[in-house]
Each structure stands twice: as structure tokens, then as C-alpha cells.
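What follows is one structure encoded as C-alpha cells, with my remarks underneath.
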Amino acid sequence: MDEITWHRHTQVLLMVASLVYLVAYSWRVIGALTGTAYVLASIVLFATWLVFIVDYLVRLALARDRVHWFRTHLGTLAIALIPVFRLVLLLRALTLVPSMRPTAGTQLRTKIMVYGAGAGILLIYISSLAALEVERAAPDGNIETFAEAVWWACVTITTTGYGDFYPVTGTGRLIGVGVMFSGVALAGIITATLASWIVERAASRGGDDAEPATRGQIRQLMAKVDALGPQRPNDDRRE
Amino acid sequence: MDEITWHRHTQVLLMVASLVYLVAYSWRVIGALTGTAYVLASIVLFATWLVFIVDYLVRLALARDRVHWFRTHLGTLAIALIPVFRLVLLLRALTLVPSMRPTAGTQLRTKIMVYGAGAGILLIYISSLAALEVERAAPDGNIETFAEAVWWACVTITTTGYGDFYPVTGTGRLIGVGVMFSGVALAGIITATLASWIVERAASRGGDDAEPATRGQIRQLMAKVDALGPQRPNDDRRE
Amino acid sequence: MDEITWHRHTQVLLMVASLVYLVAYSWRVIGALTGTAYVLASIVLFATWLVFIVDYLVRLALARDRVHWFRTHLGTLAIALIPVFRLVLLLRALTLVPSMRPTAGTQLRTKIMVYGAGAGILLIYISSLAALEVERAAPDGNIETFAEAVWWACVTITTTGYGDFYPVTGTGRLIGVGVMFSGVALAGIITATLASWIVERAASRGGDDAEPATRGQIRQLMAKVDALGPQRPNDDRRE
Amino acid sequence: MDEITWHRHTQVLLMVASLVYLVAYSWRVIGALTGTAYVLASIVLFATWLVFIVDYLVRLALARDRVHWFRTHLGTLAIALIPVFRLVLLLRALTLVPSMRPTAGTQLRTKIMVYGAGAGILLIYISSLAALEVERAAPDGNIETFAEAVWWACVTITTTGYGDFYPVTGTGRLIGVGVMFSGVALAGIITATLASWIVERAASRGGDDAEPATRGQIRQLMAKVDALGPQRPNDDRRE
């Protein structure tokens, strides 16, 4: 079996593993688990982690040119090693919706907006969980409930930053920095998509006749001009 | 009577109901009503709510294909159920202004800016009212007057977030999140509209002769070339 | 003497009056004037105010169609009544620089950037002065020196909003709201100008031959095709 | 030896001096040096400063037209006088990467993004160092460790501004203002680059035939039409 066949068969399994990871992590943090339940949730998290590592190693082993495969699949490595990147797989599931495939401007913009919104929501959710986990443990931390963590993440991703809640641990601040910069990027995506839409709408003023001439039209015209040619002697045609 | 006729006749009534809703809600919150006055304002609010629900049900009943109508009028359902969406009707009143209909780039941009400003002002106003209502009741809340609530909404919609005022209740924070994300979207609309304007101005450098050729021009040219053709024998015309 | 001649002669005087206004206001606020000095500065401020009012009334009187002039000069009325708008005249002085006149894309963008930067600096300066004047007088105000006011204005116009300084009076908050929204608009102008530049640069890939065909080229081509025509009989030319 | 030859030979040396400057400054601030170590680091900083001043003076002396050279090399003067601008030389090193040279849209955007990211990271790093140095010395300052300074710089450059850390000294606030405005500009660069990408993608809908006609195509077509001409008498050709 080659690498592509393996990947086609395990793709859905990996998406499910991502979802299991998300649920188990949510349960461990929001439920503030202790004792057996904590151990159980941690085992599930470790198991999903193992699934990704094993899948990565098998794909590497099955690849024809391993060095080439390694260099062109750094994203897959990141997904295998860093749990949070697995959520990208959940976003990728959105492409399975038939109308999501990009053809024209509006569909491209719809796709970008759906991906952007999905990424934003997942980011707020997962960073709330992660920040809550580390900040709750800190003695001088101020983020203590999941609701507060979500509120903090929303205040941060929009770069509002009231300062009623903020991370005080190194890890918490790292998460915060990630959320802030993602917020700037997401605001950029929203603005850029709107700009593309307005530029396009503003340009289409006077029906098809006022649209820019196309290369196809010129080719058609050249054929017409060429058709005039053969009847005359000494015609030096040039392309 | 069919659904479209009904809607044409009740459209203005619904706009008036939206306005009554806005005034009654403002009065209840800003006036900090108690006793009979509170009950009276609440009855008016309930009455406007009922008007929208009844209108929705009548339109659904009058529709030819009810399933199709339901699926294509989810916005109308949202307006009927969630009072704040009714304000969209007030914005829609702006389209009645004749010069507001979009034709060319500048008019499209003017329309977007007018809508954006209208939506921004309405959003600041209604979210100030809503936040004041829930935060004033909270024992540790810090938004206590209407002026403070408006100041908070402005600080939030621009994503400045001083942190001198911030919501502490769940509902208040939900309103805050809505205001923040709307602020990001409104900033995007302003930027995108400016970008469209600058791109268009920067492109129109050297009069009409330097504008991109149009499809209409090419069609005119093709007609000219075709006109040359018929006089010659053995002309194999192709389109 | 007609209105246009009057305006041409008084234009520079009004710019000087704007500058005098700015200096006198700065002196009164930063110097924290009291006694005779305060009265003196206030008289100068009143005098510049009077200059604008008188100029407006004279221009209205000299105008041929007063109703038309009034309707098309609402900006002039605003400048006459509200001192801060006079600074627009100082910005307008930038157009006197010869290389500032817009012709091509780059010059348009340069002009927008120069205006934007000028407006931003003036806005930070004047709003710092105004906020300092009202906040210093408030018992629970926290903006007490000019340096603090400028810092507050910069933190506000970029929508950073640390919350170490913030207005507490109604007038101060009104100024703050103005600065915030201007900040959003200025950020939009910067972004839009950059976008126009990148879109233009990204489009010009392969020299002149890869640029979109122009309407002028098509007209030239039509003339060529027409030139082929006259030699043949039964030529029905159409434009 | 002329100025250009000198510059070609010293260019790499200056980049190395910039790097030495960066390392020595980092060491002095992060290490919180005192005594001999502080003196040593300061001597190294002074030495790199001297290298830039001497290089500037030599280039000015070697220049053919010194007044012209001075006026067209104000940036070089700024780099010589203000240490932080030297980091621009480090960014310029990125152009040495072969694939970084701009030709088409995607490469232009890649270049802008790489430069933007580089500038952002350098700015966060150097402003953290500078702010830490001045704020640590202030009695009421709240930025006391390098980690806190980096966190503050990130919170500031994204214009989030929690207000848990903020500069209290004049120099610190000047640095803060620089970081904030750079943050607005960097957000603009990200948004504008995304907008250019989306506009381009949205425009390329239907393959090459639907792209706007090019000037090169029209020139080819004109040559074809001209080729039809010579066979006929009385041909008044016009260009």
C-alpha cells in the first residue's frame, strides 16, 4: 500500500481523533477534573496524540521519496506534534460541503469568510480552555471560570483589552499573544474580503459592455481579421 | 389577498412598530421606570413584539409554498423573534431616499457609508440601553448611568477598551462581545470603502483613453471587421 | 467686489488667524494661565473667532445667490462656528506645495498620506489641549499635565486604551469619542492607501505589453480598420 | 576610490556592526549589567556607533556632489545618528535571499509579508529592551523584567492595551507611541496584502480567455490589420 491510499483511508479517522481530542480536553479543563476522571481524560488525550504520531510515521515509511515527503509535509509534522494544529483538520472538513469549492469571486469570498469564522470560533474556544488551565493554577491569576476565559479571549481577539482579566503566567501570556495576533489577522481577512467585494461591485457599473475587454474576445477578433486575409495576393501573415 | 400584497401594505406599519419599540425601550431603561410606568412600557414592548409575530404568521399562512417561504425568510423570523433585529427595518428606511439607490462606484460607497454609520449609531444606542439595564441591576456592576453606558459602548466599538467601565454579568458580556465584533466589522467596512475609492482614483490617471478597453468596444470593432468581409468571394465567416 | 475676489484676498489672513487661534489656545492651556494672562489669551481667542464670523457674514452678503451659497458652504459655516474645524485651513495650506497636486496613483497616495499624517498630528495636539483643559478642572480627573494628555491622545487614537489615563467629564469623553473614531478612520486610510499601492504593484507584472488594453488603443485600431474600408464598393460604414 | 566602491566594500561590515550593536545592547539590558561589564558593553555600543558615523563621513567626503549626496541620503544620516534605525540594515539582508526579489504578485506579497514580519519581530525585541531599560529605573514603573517588557510590547503593537503594564516615564511613553503606531501600520500592511491577494484571486475566474485583454494583444492585432493594407491603392495609413 502506498502513502496516498493510506492517507485516503485514515483521513476521516484523523478528523474523528481531532474531535475526540477537543472533547476530552474540554472535559478535563471545564470539568476541573481530579483523581480518576483526570487520569482518564489524560489517557484519552495521550491516545489521540499517539494516533497522530503513528499516522505520521506510517506515512513517512510508506512515502516513495522520504526526504522529499518530509520537506513537503512540515504541516503534517506540526499537526502530529502540536495538538492545537489538529483543529485545522476540523476546518478542512468544511471543504467537503459541495458549495464551498471556489470558482467565482463571491464563492471565494464566502469560503474565506466561512473559514475565517470557523478558525476564529475554534481559536476562541481552544485558547479559552488553554488559558483557563494554566491561569487557574496560578496563585495571582484572575481568570478562574470558563465563562471568564471565553470573555477574556473575545476581549483579546478583537484587541479591545479592557484589562479586567489578563494572563499572568508565561504560558498564559504566550497564548494571549497568539490570540492577539490572530485577531489582527482575522480583522485583516474581514476587511480584505469586504474590500474585494466593494472593488468588484464598484467596477461593474454599466452592464457587460462596460466590463474590461477579455483576451478571449481579442483572440476571436484576430481570427476574424485572419479570415479576411487569404483572398489577397502577397499576403505576408505574421503571428 | 396574497403574501406580497399584505407585505406591501404592512411594511410601513412594521417600521412604525420598530420605532415605537425603540422609544418604549429607551424610556423604560433611561427613565429607570418603576411601578405603573414600568408595567405600561413593558406592555407597549410586548405589543410591538406581538405585531411582529402576528405579521410573520399571517405572511406564512398567505404564502403559496409555505416550506419555500419559511426557508427563504429566515431573516424575517429572526426579526419577529429577536427585538433588536427590528432596527434593521429602520435602516432599510434609508433606501427610500431616492439618491441612495446604487448605480456607480461613488453611489455604492455612499450607500455603504450611510448604512454603516446608521448601523453603528443604532448599535451604540441599543447596546448602551441593554447593557445599562442588566449592569445597573448587578451588585458589582460599574455601568450605572446612560451616559456611562454610551461611553462604554463607544470605547468598546472602537476596540479601545480603557477598562474604566466593563460588563460583569453574563448578558452584559454577551452584549459587549457583539459590540466588539461589530466594531471590527465596521472598521473593516470603513477601510474597504476607502480602499475601493483610492484604487479607483489611482487607476483613472490619463483620461478616458487610458481606461481599460471595454467588451462593448470590441463588439463594435468586430462589427466593423465583419462589414469588410461580404464584398470578397469565398469568405468563410466564423463567429 | 464679489464673493470670490473677497475670498481670494482673505484666504491667507484666515490661515494666519487659525494659526493665532492654535497658538493662543495652546498658551492658555499649557501655560495654565490665570489672572491677566488668561484674560489676554481669551481675548485673542475671541478675536480670531470674530474674524471667522465676520468673514462668513461678509461672504454671505457678497454672494449672488445667498440661499445657494449658504447650502453649498455648510463647511465654511462649521469652520466659522466651531474653532477646531479651522485647523482644516492649516491642512489646506499643504496643497500650496507644488508637488502635492494629484495626477497619478503614487501622487494621489502621497497626498492622502501627507493629509492623513497632518490631520492625525493636529488632532492629537488639539484634543490633548482640549481634554487637558476640561479634565484638569475635574476633581476626580486623572489627566493633569500636557505630557499626560498627549500620551492619552496617542493611546486613544491608536485604540490601544491602556486605561492608565481616561476622561471622566462629559466634555472629555466627547473629545475621547472623537479621537477614537478618528483613529479608526485614520487606520483605515493607512490600510486603504497601502492596499491601493500593493494592488497596483502586484498587477504590473510583465511590462507594458501585459497591462490591460486601453480604450485609446481600441480607438486607434478602429481607425485602422476604417482606413481599409473606402476602397471597396457598397461600404456601409457604422460608428 | 569613489563612494559607490567604498559602500560596496563596507556594506557587510555595517550589517555586522548592526548585529554587534543589537547583541551588546541586549546583553546590557537583559543582563542588568553593573560595574565593569556595564562599562564594557557601553564601550562596544559606542564603538558600533562610531563605525556608522565614520562610514557616513567617509562616504560624504568621497561623494562627487556632496550637497546632492547629503540630500539624497537622509536615511543614511538617520541610521548613523539613531542606533535603532540600523536594524533596517538587518532587514535589508533579507533581500540577499534569491527568491525574495519581487517579480509577480505573489512574490511581491511574500516579500512584503517577510519584511513586515521581520520588522515586527525586531521592533518588539528592541522596544522591549529600550522600554525595560528606562522603566526599570523609574521608581513607580511597573515593567521590571524582560519577559514583562516583551509581553507589554506585544500587547501594545496589537493595540490591545490591557493596562496591566504601561510605561510611566517620558522616554518609555515615546517608545510606546512608536510601537502603537507601528502596530497600526503593520496591521494595515497585513490587511492590504490580503486584500491584494483576494482581489487578484476573485478576478481570475474563467481561465486566460476571461482575463482583461492586454496591450500586447492589441499591438499584435494592429500588426495583422496593417498587413491587410499594402495590397490596396490610395491607402492613407495613420499610426
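Each chain carries a letter (A, B, C and D) given by its place in the written order, and its residues are counted from 1.
The working rule: contacts are C-beta pairs under 8 Å (C-beta built on N, C-alpha and C of every residue); 3 or more make two chains touch, one makes a residue touch a chain.
The chain list, named the UniProt way, goes like this: A, B, C, D = Potassium channel family protein.
None of these values were measured; they are calculated from a predicted model.
Listed candidates were B-D, A-B or A-C; the one reproducing the A-D interface, defined as more than half of contact pairs identical by residue number, is A-B. When every chain is reduced to the mean of its CA atoms, the largest separation from chain C belongs to A.
Centre-to-centre separation between chain A and chain C, using Cα means, comes to 40 Å. As a whole-number value, the distance joining the C-alpha centres of chain B and chain C reads 29 Å.
In chain C, the residues that touch at least two other chains are 159-163, 187, 191-192, 195, 199, 212-214, 217-218, 221, 225, 228. Considering their complex, residues 159-163, 191-192, 195, 212-213, 218 of chain C touch chain A. Across the complex, chain D meets chain C through its residues 102-105, 108-109, 112, 156, 159-163, 166, 168, 170, 173, 176-177, 180-181, 183-185, 187-189, 191-193, 195-196, 199-200, 212-219, 221-222, 225-226, 228-229, 232-239. Interface residues of chain A, counted against chain B in their complex, comprise 147, 151, 154-155, 158-164, 186-187, 190-192, 194-195, 197-199, 201-203, 205, 208-214, 217-218, 220-221, 223-225, 227-228, 230-231.
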